[in-house]
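Below you'll find a set of structures to go through.
You will see two complexes here that share chain A, one where it goes with chain B and one where it goes with chain C.
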Partner chain A sequence: MAAMSPSERRLQKELMSLMKEPPPGVTVDGDQASQNLTLWTVHMEGVPGTLYEGEKFVLQFKFTNKYPFDSPEVTFIGNNIPIHPHVYSNGHICLSILTDDWSPALSVQSVCLSIVSMLSSCKEKKRPPDNSFYVKTCNKNPKKTKWWYHDDSV
Partner chain B sequence: MNILCTICSDLINQAENIYVTKCGHVFHHHCLAQWIERSKTCPQCRNKVTDKCMFRLYPTVSNENSGEDAATLQSRLDDAQLQLRQQRVKYKENQDKLTAVNADLKRQDDLLKSYEKRLVSFDSKVLALKEQLDYAHLQNRETNRIKDENEGLKKNMQTLNGLQKVLNATSDEVEKMLQGYSDVRTIATFATALKRALCESETKKNETRDRLHTVKQQLSQEKKNSAELQNKVLQLEDSLHQVQTQYELLKTDKDMAELKRQVAQTAAADRLAADGPHSPLRALNDAILEPASNSSFDTLVNNIASSDSPYLSLKQGNVFALASLQRAPLKMSDKIQPSENLYLTSIKNATKKLMNEKSSTVSTKHSIFHKKEPMKIESLDSCGPLDISYDGLGGHSKLDTFPVPRPTIKSCIPKISAKHKLKRPNPTGSQDIEKMLKKVKNK
Partner chain C sequence: MMKTEDPKDLITFSENLKDLLQSNTKLMQSVESDLIDVEILDEIKDIVIYGNAGVYFGKTLRDIKIVIEDDELRKHELYLQYKGPKKLLITTVKLPRSSMHNQEYGCIKDIIETFRQNVIELARYFYELENMDQSCTIMEPVNQSFKDDYRRIFLDDRTWLHVEVTPEGLATNIHLVGVSEQWHNKLQAGLLNWDHDKNIVDNIMTIFDLSQFPQPSSKQLDQHKMDIEENSTENSVVCGICLCSDLPDASGLPLPLCQNPSCGVYYHRSCLYQWLVACAGNRPPAFGVANGGCPTCLQPITCSEKDN
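Right after this comes the complex of A and B.
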């Protein structure tokens, strides 16, 4: 166990805690994550009383070996991508803590909570205004996008 | 008291380097330093943090119930569980690896077995092939031997062919052929073969010569016989002549007797005429007397003329045959008796045979190496012209020799030529006899 790197240790601890005490509406695919600690799949349910009530989304977390100093790469995957002004149709999420405002004190759990809160605070289901252009031109990795966080309200 | 480093989410041990930011947040030194390199903010409150505005913390922790509180235990439990989980994962991996290795081992085992089997089969195959190879070698050797034999036989055959050619061909062809051959041995073989052939032909020649001699002797013997027979004919002719003269005498005697009787009869008739009719008795007497005497003579002559006695007919036939042997063989055969005919034909055949043999041996015998002239043998036929000049009437000036095959060997039989002269008057003699017989018959 001595060979375990600090990032692995932290991911292992995070996985354990997330499985033990997950936030409401959030479940992690523990078997897949424990097989490959750098690729997590998190299932998320629309919070009751919001626009996304009853909907199910799938989030994918990709970690580098520099985690937690590097932010994880988080995207929606699967058939159901939430229609939200900060979520592009290819699953990319426009969220400051995933890039510029990342801090090593943040965790998978905190990111999940942020996304749930982002979805829950949505008042109108619509795609970002530059969705089609972005989807055509963007890099596969959302972290390579120079995000312009124009709306802090949601 | 359990302080947690939010960067690595590990408990902060008092023995470690503990740093605290200006804003009062506590981290491991290495965690904070790593983050400060990227962003000069506090991970927890995003306040500005620099290397100078963070300080090392030296807490003094009491030893009372150290590590015994629930949080510590919980943390340890978490650690243990984490380790257990990892061990399990490792164990599972190893298990999988083991099964994989086992399966692989089994596969390799099977493979090994199959290879062993194949090895065995290959071994047997190799053995079989080796045997086949040996057999093939053997066969090859046999074939080579047969080939050599064949070559030898071919050579022999060629030599034999050459030999045959040499034996059959003319001298010029043989010369040419021998020029063509450079092999001394072959030429030597040819020479020996030719020599052998020469010896054989020599012996054959000798044999034939001997046979010729014997035949000649036989011929002379036959000639002697014929001479004897002619002598006999002469004697018989003489005796016939005597008989005829006797007959003439007897005839004259008879005539004389008849005349006497007639005289007597006339006298008697005169007497009878005087005496009376006793004429019937006299006529009867005449009738008895006349036919008796006449028929006795006639039959005697006829008997002599048409007698089957070998002597008489032989003489006739012989004379005729000798005279007209070549000219009229058919006539001759008509005239002569079967026995005589056979005799003559046998002589003729013997002579011809001899001649043929001679000529045949000459043709095969006289090879190209001696260019001897073949022995000349005059056949019976070659004597034809001599006989043709003889007209069969007897008076011809030409010497009528009996057809003798070889004038060249006259010296061997001088007696025969002498006897020929004796033979000569015979035909005329026989003719005379015939004429005389005819006369007698006519009478």
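Right after this comes the complex of A and C.
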């Protein structure tokens, strides 16, 4: 077997710990991820007692070979994209740690927890105000978007 | 040897015979590849009888280990391989930068003589390393041996002192691992007064004004012991960036490079440097020292490309 690159080594370690001790409501598709370490599918359940209780979401993580120096590309995929002021209807997420505030000390697990908490603290289910314009004009890769972070409260 | 009891028929018998012949051929081959000549066996016998060195065989008769003792009863090891008559290749010498490594010798006596001469010349070197190992808490290397010519001494939980020892037993390339103003100022002032007539441990104690060496708390020591026991498994200190303990391409364990006492995340120097340079737009920093924020606690942090 060829020697693993540093990014593969790190992804392998993250995958193992995420499968062993997943945060509540979060499950990673381990088979798919171990076949292709650069593309992960993570299933997420709406936290009981929040607006998203009982809903199921699917997140996709794409990694480059520069990971963790390069942030992962994270989007919601599938039929159920959460209705949230920071989530566009094409699945793109406006979250600073996914671009400007990314740090290699963050991980798939910490990104998942941030998204869970972003959803859980939502007070009103609605799309971002610029949703229709953004979805029409944006790049396929959310990391190419110059985000204007709306607020820090949600 | 041959199992010929009740050969039920001729086929079973011939199969047994075939197996036996095959296994015997294998046996013959492995014996042959193990053989060494009589001359060297006689030589080894002499050495063992006169007792000036220990001779041990490894997996085969061709893998030979030689152990000699110095005046202080420290044991020193050397490994060689028998390549043919009068062809003995030194594979490992447990001494720093030994010139014997990878050399071929004609007989074992020559090897022992050269080895002993080397060991005698390194007497001061052994003494200094041994003295450091006994007086200080050594953070690196994890399993200290005379083959490693450096020690990293615990000063506090963020700061270690790196000392290298020359074959003559003199300290060199002394510097701090971790950035601490307090230790740094003392070191800068003290290095000018280094007294080569005194041993390294005494010099370090004078520089930092110590009556005894600082020791990690029992918890830290436990953690460190676990690191030693399980060098690359889950319990060892991992780098906050690559999540590994050992790097495939570079030697060295993760270090306490962040000076924020409530952070406590270790990084490989190369990982942290790569991140800080990437944050600064991938421009190589002036003097090889990158600045930025700690990836974990975001406090200001500096990191030099090379280990000083």
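The rule is short, and it goes like this: the second predicted complex is superposed on the first by the 152 of 154 C-alpha atoms of A that agree within 3 Å, B and C clash if a C-alpha of one lies under 4 Å from a C-alpha of the other, contacts with A are read in each partner's own complex, and residues count from 1 in each chain.
The definition used in the following text is that a residue touches a chain if its C-beta (ideal position, glycine included) is under 8 Å from a C-beta of that chain, and two chains touch if they have at least 3 such contacts.
What you see is a predicted model, and the numbers here were worked out from it, not measured in a lab.
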| item | value |
| --- | --- |
| Chain A as common anchor, with chain B and chain C clashing or fitting | clash |
| Chain B versus chain C as contact partner of A:E73, first or second or both or neither | neither |
| Which of chain B and chain C A:S34 touches, first, second, both or neither | first |
| Residues of chain A touched, compared between chain B and chain C (which is higher) | B |
| Partner chain(s) touched by A:K13 [first = chain B, second = chain C, both, neither] | both |
| When the two complexes are fitted on chain A, the stretch of chain C hitting chain B, from 43-51, 115-123 or 259-267 | 259-267 |
| Residues of chain A that lie at the interface with chain B and also at the interface with chain C | 4, 6, 9-10, 13-14, 68-69, 103-105 |
| Touching residues (chain side chain A, partner chain B) in the complex | 1, 4, 6, 9-10, 12-14, 16, 34, 68-69, 101, 103-105, 107 |
| Residues on chain A engaged by chain C in the complex (per definition of touch) | 3-4, 6, 9-10, 13-14, 68-69, 103-105 |
| Complex contacts: residues of chain C adjacent to chain A | 240-244, 247-248, 265, 271, 274-275, 278, 295-296, 298 |
| In the complex, chain B residues that touch chain A | 6-10, 31, 34-35, 38-39, 41, 43-44, 46, 78, 81-83, 85-86, 89 |
